[in-house]
């Protein structure tokens, strides 16, 4: 090709790209390689937020920012450093620290997003879910499934803090958000120990006759005493010689929908893990992202090339396909939530388990 | 037609029927009307067996008939008077009173038939299911799902009696029986309060991570304390103004497979019902048959045109599409098992609910 | 034990059995061994009915027995010699030869039983299914799913014969029969080549938008030209080097519900098999029973210890767990129907495939 | 509050926000309203691309840009004007015009993304899917399900153009991409009329015995002659008095997986619609996005507040919850693909149908 030919061709090419641009077209061969990578290359990064940092900020917000319809929820979202400016812990998951001052009310609303709360400390708040008053106590998982009205009220002189988990980023990217405000007055001021849902559905293997299957759990609360008993039993069984539930020294329960046995929420998996003192997990890579919170104990999490020292309340993020290894200092209890049900529903789930060290 | 013609034709017809018979044929127009009735016309009849009659007979068997491989189970089957000579409580369901004398062992076997035991009184026996020792106590439901090895041993000086429920008639008519004897020695002599299955799966809404779904329940025991608590809660909720679970004054739980939310066994539904003193159920007709046993209390069951006075331990049968009405004298607790999962799986289920009196 | 003691005990035992009998009880240890056999021991026997015998009998019935409301269907049922007196080809399946004389009408009815017709010869009849006129031609499978109104009318001067298959024995034993007569006048006298159902649903992989899933097929006719083409293609692919669909020289299609991919009827599996000249199948044992009909060709079927020479139209029965081997003389096309969906739905299905000879 | 107090508080608030920022936190009350809108507010916009513009650009690319491993696919992506700089037709869907010059080969690869091609004109190319050669002809839908190897080769002297549809944006946002290159040589150079998959699975209501269910369709091609016949039949049935499949004058088929009856791909719905001359659809709003292409005919599409005149080959986008009305000039055939299976799998699907004008 002569220089002139080459120059003419280059001109034609330039004109072609101008025309693409004018027509709202992008040719595949000019797109950067990360459109379809060989394996997941998430923008989200492994990251740790320390409870010792979060809690004082939540408390200061409690003093300075009133709750109400302008600020319906005093929730402070974890923003993944790989997703700058976005209030997203991971590409699909919202995680926030929530603070409710004494006698405050977070008014009712409902939305297509699925939500839960997990409680690290305190026990002053009731969350009303479709009119059912649900106590919140340390170690409990509380649900507000898609399109259920929910509101929170603190009936005591003590503030309370917990974490909220939702699928806000997922639903936002899917353009599937529906939202409605509820009434200004509380659906109920009752403060029972157990919610109606628990009284109906919270009996092992028993379901009320005539109640149809639900897409999300009919159980709005999973109590710590049951979770703790289940984890204790798994490790006792292992000590008695039974095979491990997950791996040696590593127990785990999944919070499930008793009407179907599936995940408690359609889009979010929720689990509690326990590692015995000194236990170390085999490396695992999972398609989809997860947020972990230390419920009790100390240890180390290695996520990809990051190493996080863990203390009570600390939250960390595991992006898609980043390798995770957990090591317990003393006994380590961890709450985990992830978006795996999304991948399973779409045929995109995959997990790689490496060998133990 | 002349008489001669008519006679010739009759001859030809007679010859035709002879030829049908010789060829192994039966013409539809000679078959009695009950081949395809307008609605179910079961041969099985409503019937009541009194515990006061059954228990002494079981005890006399205990003295006279040794248990062992010749008589692997000292089980005495209810034989429906409409199915004479057959050891079938209903066309699909086997129900038997089972008696195990002090220190006796009913040796291990397994079969494609699904089985459960329900305990009216006593607590001296452990049933080992695939090597997991399961205590049997009053009010408990114990499972031996299809193809699980099971054996029973009485570790005490007291005899024990319970009822067995199986799908023997169904599997027999379906020509689907497989059976294997187990070892002569007990898989385990342990007598724990809670089985391993309960310790893994017996926590409300919690499932061990990594355990796949099972077609039958992984929970081999449903304890009375949970069943009782669930029924109590349902009636308390109703008293507080919530809508009834079944109907006013009538609570009920279904024993379910926590890995799927479905029936605990693939072919047999198991439930516990509670009627408040004086409650009366609306008339119900169901395709498929059921066996009921009074766990506690007194009352009256009207099944079709039969009326049964009920006392503790009494068993009665409701054939397909026969109308059932229950009336509680004092508070009435009833265990029920039925073959409804079969009909639901085959698209043949139907229920008619009449108005309350 | 002294003789006296022994005698006393025997007396007590006799009294015990009398009391059992009086109370409607049958002790397990007196029941013959076939209650729970080690593997299925069906009463039904392998049997062959020759088309050369059946067709003349059907024709004679056509002359002697009028069709109408007294004899709604001129159907002559195969009666398995192991089930004497019962019009059952197998414990779950009804099979009958059906004859409709010129210009006759078999009036409308519907029932909970599922039904199909398979046509060996002729093409003079339309079956109206819920008002949709469905032509019947050689090689076609026609459905009348549970609770659809159906009627047959012969619009020509030629009689027509086909076989009916239903789940009458199953539904009868399950006490689940519901039946209703339809109108005395035909829903439609139209005689189109293709039914409305075929025009909507009979396009490969295409479903009409907005039509919900159906428990039984929405397609009332499966035409021979498609079945033949599918079998031909399977064997051509095998000849081109692709792996066999069933085994070398043995092709097969299952008639399926295009809205779910499952069996065309909830309780009955329907299939067409083709064996190349000289092909021989590996021995197979299946839980559940089947009826086969030779559509075309000759060969030999060995069922358990019976050996049947096969000609066009012949029908034979394979009881549960009896071993089947097929050998083709010239090319052999076989229609098969079975009750396997029942066993799959109830977790009782099993198949054993032996090695080829 | 005094001015001093107010100033002090403002300072504290500023400090709080600085600390949030430093800690990687974003408070809910500072987030713009569109995080959880009252109903979907997609960034994507309704847009039309004219075939008359696209085709010449594709042809110029064919002359200027060689295909090969640097440019594995000469695909030019539609870039939604509401998603500037991104090669996404909608937030979940990739749509591109694909051009293959005479005798060119687009080499093999596979990926977790699901893909299809739809052909507006031409018939010179075969796509090999896991080694099965699939002809591409006008009106055909061709699949390359997740993780199947696929390559395209043009065996003629004529170029060919078609559109590609994939779930690239969805899988990218979900960080679930896996990708592998295949061999450099063609898996097969055969150019059969019908692929092996069609020969096995392309018979209405018939499935090969022994083939398990597949998560994506085993049928890699849906031929225009069947699609056209199905649409024609629907409108003929309507003309004969049957109820409309979608609405008066509006027929439609969904391309489905014959092994399950579900969508042909796990994440993408594919459909063909036909509107009679002058027909007008009722307004519809759907959660999730769709891309439509005019296969034949003229008309008008109103999407939200945009009005698009339609000609053969034109592509337009309907964002989530934007109202769509279609009006046919002459008879209008439209191909449609959407991400609705994603929303149905996650419990987020919803549709609003307005009244016809």
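Things worth noting here:
Letters A, B, C and D mark the chains in the order given here, with residues in each chain numbered from 1 onward.
Simple rule for what comes next: contacts are C-beta pairs under 8 Å (C-beta built on N, C-alpha and C of every residue); 3 or more make two chains touch, one makes a residue touch a chain.
A quick map from chain label to UniProt name: A, B, C, D = Gentisate 1,2-dioxygenase.
Bear in mind the structure is a predicted one, so any value in this text is a computation, not a measurement.
Any chain that touches chain A and also touches chain D would be listed here, but there is none.
Relative to chain A, the chain whose mean Cα position lies farthest away is C. Distance from the chain A centre to the chain C centre is 53 Å, each centre being the mean of its Cα atoms.
Averaged Cα coordinates give chain A a centre that lies 43 Å from the centre of chain B. Among the residues of chain A, none is in touch with two or more other chains.
Contact topology of the protein chains: cyclic, one closed ring where each chain has exactly two touching partners. Contact residues of chain B toward chain C in the complex are 9, 12-13, 16, 19-20, 23-29, 31, 35-42, 44, 47, 49, 53-54, 57, 60-61, 64-65, 70-81, 85-87, 91-92, 96, 111-113, 146, 168, 171-180, 215-216, 266-267, 287-289, 319-321, 342-343, 345-348, 350. On chain A, the positions that touch chain B within their shared complex are 196, 198-211, 213, 217, 219, 222, 226-227, 229-230, 233-234, 236-237, 242, 245-246, 252-261, 264, 271, 273.
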